[in-house]
Amino acid sequence: MSIVIAILVIGFIALLFGALLGYASIRFKVEGDPLAEQIDDLLPQTQCGQCGYPGCKPYADAVANGEAINKCAPGGEETIKKIAELMGVEVQALDENHATDNTPKVAFIIEEDCIGCTKCIQACPVDAIIGTTKQMHTVIVDECTGCDLCVAPCPVDCIEMRPIETTKQSWQWDLNSIPVTQVD
Amino acid sequence: MAFWIASSPHNHLKNKTSALMRLVIYATIPGILAQWYFFGWGNLIHISLAIASALVAEFFILSLREKKIPEQIFDGSAILTAILLGISLPALAPWWISILGAAFAIIIVKQLYGGLGHNPFNPAMAGYVMLLISFPVQMTSWQPPLQLMAIDLSAFDTLSVIFTSYTTDGYSVEQLKRHIDGYTMATPLDTVKTNLTLGLTIAESMDSAVIGKNFGIGWEWVNAGFLLGGLFLIFKKAIDWITPFSFLFSLFLFSFIAFMYSPDSNASTMFHWFNGACMLGAFFILTDPVSGATSNKGRMIFGALAALLVFIIRKYGGYPEAMAFAVLLCNMSAPLIDQYTRPRTYGHKKTQNAQDKTNA
Amino acid sequence: MTNGAEYKELAWQGLWKNNPGLVQLLGLCPLLAVTSTVTNALGLGIATLFVLICSNATVSLVRKWVPKEVRIPIFVLIIASFVTCVQLLMNAYTFVLYQSLGIFLPLIVTNCAIIGRAEAYASKNPVKQATFDGLMMGLGFLLVLFVLGAVREVLGQGTLFDGAHLLLGEWAHILRIEVYNLDNQFLLAVLPPGAFIAMGLFIALKNFIDNKIAESAPKKEAKSIERVRVNFDAS
Amino acid sequence: MNSIINRIDKNQFWKFHGGIHPPEQKFITENKPIRTLPLPKELILPLQQHIGQAGELIVSVGDKVLKGQVLTASNHPMAVPIHAPTSGTITAIKDATIAHPSALQEPCLFLAPDGNDTWQQRNICTDYHKLSRFELLEKIANAGIAGMGGAGFPTHIKANSSAAHSKRIEFLIINAAECEPYITADDLLIREQSPTIIDGINILHQLINPEYVLIGIEDNKPEAIKTLQNATKDLEHIRVCVIPTKYPSGGEKQLIQILTGKEIPSGFLPSSQGIIMQNIATCYAIADAVINDIPLIKRVTTVTGLGLNKPQNVWALLGTPVNYLLEQCEYQPQSNKQRVIMGGPMMGFTLPSGNVPVVKITNCVLAPSEKEIAAENTEVECIRCGQCADVCPAQLLPQELQWSAKAKDHEQLETLNLFDCIECGACAYVCPSYIPLVHYYRIGKAEIREQKQLEIKAEKAKIRFEARKLRLERDKKAREEKQRKAAEARKARMNSGTPEAKNEMSAVAAALARVKAKKAQTTDTATTTPQEQAVEASEKPKNPQIAAAIARAKAKKLANQNNFDTENPAKIKDKQDNQTDNKTESKPALEVSPEDKKAKVAATIAKAKAKKLAKENTAKETPSTVTEESDAPAAETVKVPDVVETPKLTEATVANEDDKKAKIAATIAKAKAKKLAKENTAKETPSTVTEESDAPAAETVKTPDVVETPKVTEANVKNVDDKKAKIAATIAKAKAKKLAKENTAKEVPSTVTEESDVPATDTSKAANTQKVAETVKAPEIIETPKVTDATVANEDDKKAKIAQAVAKARAKKEVTTPTDSKDTSKNTIAEEKKKRIAEAVAKAKAKKQQRSELT
Amino acid sequence: MRKAIQKNANVLAIFAIVCTAVVGIVHSLTKDEIELQKQQQLLKTLSQVIDPATYNNEIINDCIMFSQTGSDKAAKSKNQTPHAAYIATYNDSPVAMAITATAPDGYNGNIDIIVGIKTSGVVSGVRVLDHNETPGLGDKIELKRNSWITTFTDKKINGNPDPRWKVAKDGGMFDQFTGATITPRAVVKAVHNTVAYFNENKETLFAQPRNCGDIE
């Protein structure tokens, strides 16, 4: 007998809570997914497409939906760490398929060779190349994200990626890199 | 010519961590001498055993971690840990106690956390606590002061007891612990605690043979020895004076209040000061910089907290001596203390700093 | 992926790569509390294994009818029912062991390993795989419990399978092995702190082995991937 | 404040937290008079020797200069000029190792003294009291004086900072503490030159008008104290404060705390609290500059250390190589781990070689023996002894900072106020574990700064990316709309059945046929070329220039591959390279004060005006039309003279709002200056320029700084707006193109808007803002500086950057133009061109294909 | 919304009912077995403190509940809760009694014991039912670990209090085991009090109605 009572009581409670949960699920529904925005903020915004997505935002959306977090080569380990922290998942090593040399670089147009075809301008995701048809183009160094998307489209191979030069401001106090010159 | 590149500052005070450690080791000498004089060779044997096994353990781990062995093994920290552990052990504990304790202190407590400077707990005390909870029987085999012992105990006898648990004449540890009158001896703290549970007053406990005229035969002098060593360290600026001062002062205060409240059930302030590991703890263990608080205010709190814990555990806890437990508990709270006693940085307002903390 | 490979992967995940005890660190509370002897460890491990298999199978069976809003209460209900059944059964047939496992038996309800698998795997996969996953995860958990229990028992009291008869019946007295005789127990191993330390060392060992495997494994050839061009249709 | 003075009069001072007492070692040099050295064989003058920006080079290789002659122009308030320390010849302008811990190479002037030491014309000022505030400031600025205590902050800006705050300056503090061990330069200077120093202090007093002047000096310099006390005993407002010796009491914040008990809030300058501090050596330099018209060309440097046989204080000409100083003091290297330190042992930095010159901030050159300063000590683990926290004058927690720095936990580093660290080195000095704490902090600071730059850059890239996406979408829509409309219209017409419609239909058919035929043709000529490419190529030959470019690219590649340069284009290219090399020597360095982010003034486009000069050399053409164009806008835009304090704009507190304006101003200023320079070197009559700079001067009489006013006003007109800037770029581009056309094809240029099809710009608004943009662009168009891509990142000044890029592009354009014309003349036959293009494209394509196959 | 609420409520209720039903069924199936196990367990313990050969009644059913009102203050307050006692009879004449008691002052809280006392007042056996004493130290009161608990067998008390009923350290006749004093002291005291109580209230206890069939 007591079992029947137990079943009835539990059944009633379950009914009640089920209704409550059903109500709550509709009443407190969260719209949108701010996670993708947060991930996007962590990405380096090179818009380089090395992750297999057309730009950083699409990759951020993909990560929010379960894509691997280790595909951003320009961001490197630092970015993976941050995303892992944000999403509460484990840090992974950079995907080998996406691992490249990620020293910061900027595009440089060898101006003698440029024929002004504007192909690189169209390829640049951040409008960092200026120039006009049949005129030589040039790279706005400060806007260039170093994504190297402009390199491939150039018909005359006049674009090369050059590492960013160290200046007094950007010097990282690496004393070992100082050449100790042998002066007589 | 080629010049040498280095980062400023190029000058240095030329003090060294290892020198600091050596100084602390020297400062333990008076206490150890007193221990030897009143309790015989037991602790000396344990200290040497502990040093040997600590060095072996350190060597083992350092070679596993592929560190610079000769430099780190003799930086004095492992030896100091072993000495402090050896001092704290009961004189007649079996040999494997000190070896296990030292190995545990070095391998688990120190090296597994990252080695010197990274251990959150004082290795010697953590090792001691491990031994105490694992081997309560062996860890309570305190030896009565030599003058109260029924049997004469030579250096060789002690060695024999430690390694075979019998003296050359066949006396067991149990027998050695007995008083001339046949009672089993305990430390003064233990005696007082037991008597209190039996309903005796403090005054009545003070008549006990182990306590003698003052606060415990031998114990008072051992503590005096460590006090002397500690003062030497403060004089040499090897340790900071705030922690021991705060500890001793607070312990005095707490025990004084309790004594005033009920002299029958609370031991006197000086009894607390000169018994157990009080002075050793105050000057050699709480001042361990690695596991202690760093700011002056923090040290003050650290010492006072330790004193409170020592007093509470001695009075209400299950174990008669509380130093090791108190130290470990304080070690745990040290990061928290540090967090809340950060000094105000030049040019920053206090409130702003507090806000930073909440953000952090 | 072929079926065989899938099961193989599930087994690998449960037993080693994603072991609930060593990697997911789930269900630590019973893990640390009852592993003082092998017998206790086995008892709890088998109980957990049983519950895990049953709950995974059931959850997988009903997954299509469970609305997502109430899935957690339902999973908990299912698990709780199984645990209670196990508890009653153990009470009836292994009374002494039931007493020595004490509070930790009902605690299986809240063992995160079980609800974790229900939520993460069983609620998304067909019954066969889910059951197999439950089996493997349970075995992985059991394995950790067993090893931990064995180490602690040997260190703590110098025996193995002490009290196995409580679990397996009177014949099991012969299983008891006296590894060595201690005058005193090594209490640290018996007490929960010892379990923590031993657990930490096991995890370290596992990571060490994994690192060694990773080191010895030959480097995969990096295959180049298709770069995606951003807004290439502009003109 | 009176209580402060009362305390000081009673010789009671405040204390700062921590501090150390390192062995002083001042006895080595303190009793030897300052020696004047014979002229060295060569002087190396880095263009930048202070915090801020380098001036613009106004001399060139081979020029003869007189002693005291200005070598760089300061077009910018944060730029401080340098002067020739003696008379001689400029032998080279090239990158050389500078006096900086990084030992990086930066542009330096090499001066070979002629031995005559001939002064330029000097105007001795007999009574500085008569000079106005502005005149004084100008004299100080023109003398190139920057803080000589070590930081090197431009003095004229500091001295004028009272104007930046409404607050009256209460205390002028003269820092004579000289707390670093070994250094006695200030000590000796006080003893030998106290009257001049007092003059300097009085000049500062006149400028700043503080209520009191406090001279802070440590009590380990009794003779200097006596000298100062004697010299100031009649001066009521000056107090000589003898403070106890403790390192780092010479730190700005520490000395302020000792003397006044005040703390400077983090992130503020002392002037915000009514305090200004100047180094005592700076005072001497000020007096010398104002009274004797001697710019900052020499300073007292302590050359000391037991590695020397004759340690002493010397009057070192700026630019003297350290080698020479060491030689003069009989240097005896003792081991191969010998270090030579510029600055004191606590904060100085080691030099990689002896070829580093003495600069404005070099107060000491220390060559210690092994005994004094051990070569290296191995770092061991921190044991949290807390001694570092005890000695830290900023009350930081060095050991916690160290852990966070090692763990690269930048957030925690900032929470722990890493940026309040003054890098005094006290913590590392006492550390028993020999941890190079300061070094970790520096790395941490550098990383955080870089990280922030990257974040800003990422944010910008994101915005640009989004903007581009939007634009592309809009364009696409517009295009589709247009096509749809056209199609509809056509359909309507065709369906109408009129004869026109039929014609049209047939026309379409014909066009299609033509295209097909063309395709067939091109596939014939270049079979390897894929169709698409070929079509493109076949459309191109109309422009001979491009043909030439492709040909040249190809030729260059060939030349590189085959290692022969018989082909004409290759030679041209070489030639250009040479020219570029020559000019890059004169790259002026940029320095942006780290504290002064707000006032980070962009600017400084050019590293060299290589291409411009090259153009003149090769083509001897002056773009006169452009010059004319520039006059009008310059005159027009002078109507906004409301920014009176032009030179002070850069100061941190003022400039934040006018950030962009200032940046632009600076950019234009550079351009103008360069133009002047160009004209000087090219020996042309700079008539237009004179006109231009005269006109605004006349209209803006209230403005004190004649040269800079127009820039600012122009900046105002510019009306900070990215779009406009972009448009400006477009138009500029178009103009450049126009020019190019004039030169090559002699065609009548079509309208600007027609040609400005640069995708990077928002052309839809071009029409509206064209006028403004033109005005903006005008002065820049005169100039064609070669902008190398290694320019320092200057915050987010898009305009400046675009301007740079445009200018650069144009420069390139103009350089290539003449050569192009030559090419064109050679390759006149259209067919040949076509073929070449086809070939070039095919080659490139093939090469690419080859590469993609490889990968 | 209504639909969602309804659906969720129904599904959850169905699951709840099914689950509860399953549990209920298992419970009813195992109920008897569990009861049996419990009795066997109790019988096993009882047989350890009273020799089963000496009685022939259904000892489990001959059970009384009583509240011990001993002399010891602390023990009194904590022993107010009723304890069970089992009466062993041989052909309906009482032979012995097994009394459960609690030693409140163990090292880690209460120690539950059961004391078998012959009618003569002689202890026939003592066992510990439940305790939280330190493993390796206080847990030697368990027979499994140490035979110390058997030292009570055949002891009786003379007078109340009996000064001999103390641990050796306090001058009594019971040796404490090495390292721990508090636990044996507590057990000795509890056994002493129980026996003393039994001696004083023998008659009333045996006369009480056998009123507790079920022990919990």
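Per-chain numbering from 1; labels A, B, C, D and E assigned in written order.
Throughout what follows, contacts are C-beta pairs under 8 Å (C-beta built on N, C-alpha and C of every residue); 3 or more make two chains touch, one makes a residue touch a chain.
These figures come from a predicted structure and were not determined experimentally.
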Touching chain C and also chain E, the following chains = A, B
Task = State the chain with the largest centre-to-centre distance from chain C, centres being mean CA positions.
result = D
Remotest chain, chain A as reference, centres from CA atoms = E
Chain whose Cα centroid lies nearest the overall Cα centroid = A
Request  = List the centre-to-centre spacing of chain B and chain D in whole Å, with centres computed as mean CA coordinates.
outcome  = 61
Centroid spacing, where centroids are CA-atom means, of chain D and chain E in whole angstrom = 90
Note = Expressed in whole Å, how far the mean CA point of chain A lies from that of chain C is 37
Request  = Could you please state the distance in Å, as a whole number, between where the Cα atoms of chain B are centred and where those of chain C are centred?
outcome  = 41
Query = Residues of chain D touching 2+ other chains?
reply = 101, 103, 352-354, 439, 442, 465, 468-469, 759
Request  = At least two other chains touched by the same residue of chain E: list those residues.
outcome  = 4, 7-8, 11-12, 15-16, 19-20, 27, 134, 136-137
Message = Multi-chain contacts only, two chains or more: what residues does chain C have there?
response = 67, 69-70, 73, 77, 184, 187, 191, 224, 230-231, 234
Key: chain B residues within the chain D interface of the complex   = 1-17, 19-20, 68, 71-72, 75, 77, 115-118, 240, 289-290, 292, 294-295, 338, 342-349, 356-357, 359-360
Request  = In the complex, go through chain E and note every residue touching chain A.
outcome  = 1, 4-13, 15-17, 19-21, 24-25, 27-28
Ask   = Of all residues in chain C, which touch chain A in the complex?
value = 67, 69-70, 73, 77, 220, 222-232, 234-235
Remark   = chain D residues touching chain B in their complex are 16-17, 20, 22-23, 101, 103, 181, 253, 257, 263-268, 333, 336-341, 343, 345-354, 366, 368, 373-378, 380-386, 389, 393-397, 399-400, 412, 415, 417, 420, 423-426, 428-434, 436, 438-439, 442
Message = With touch defined as at the start, can you tell me which chain A residues reach chain C in the complex?
response = 14, 17-18, 21-22, 24-25, 47-55, 96-99, 122-123, 125, 149
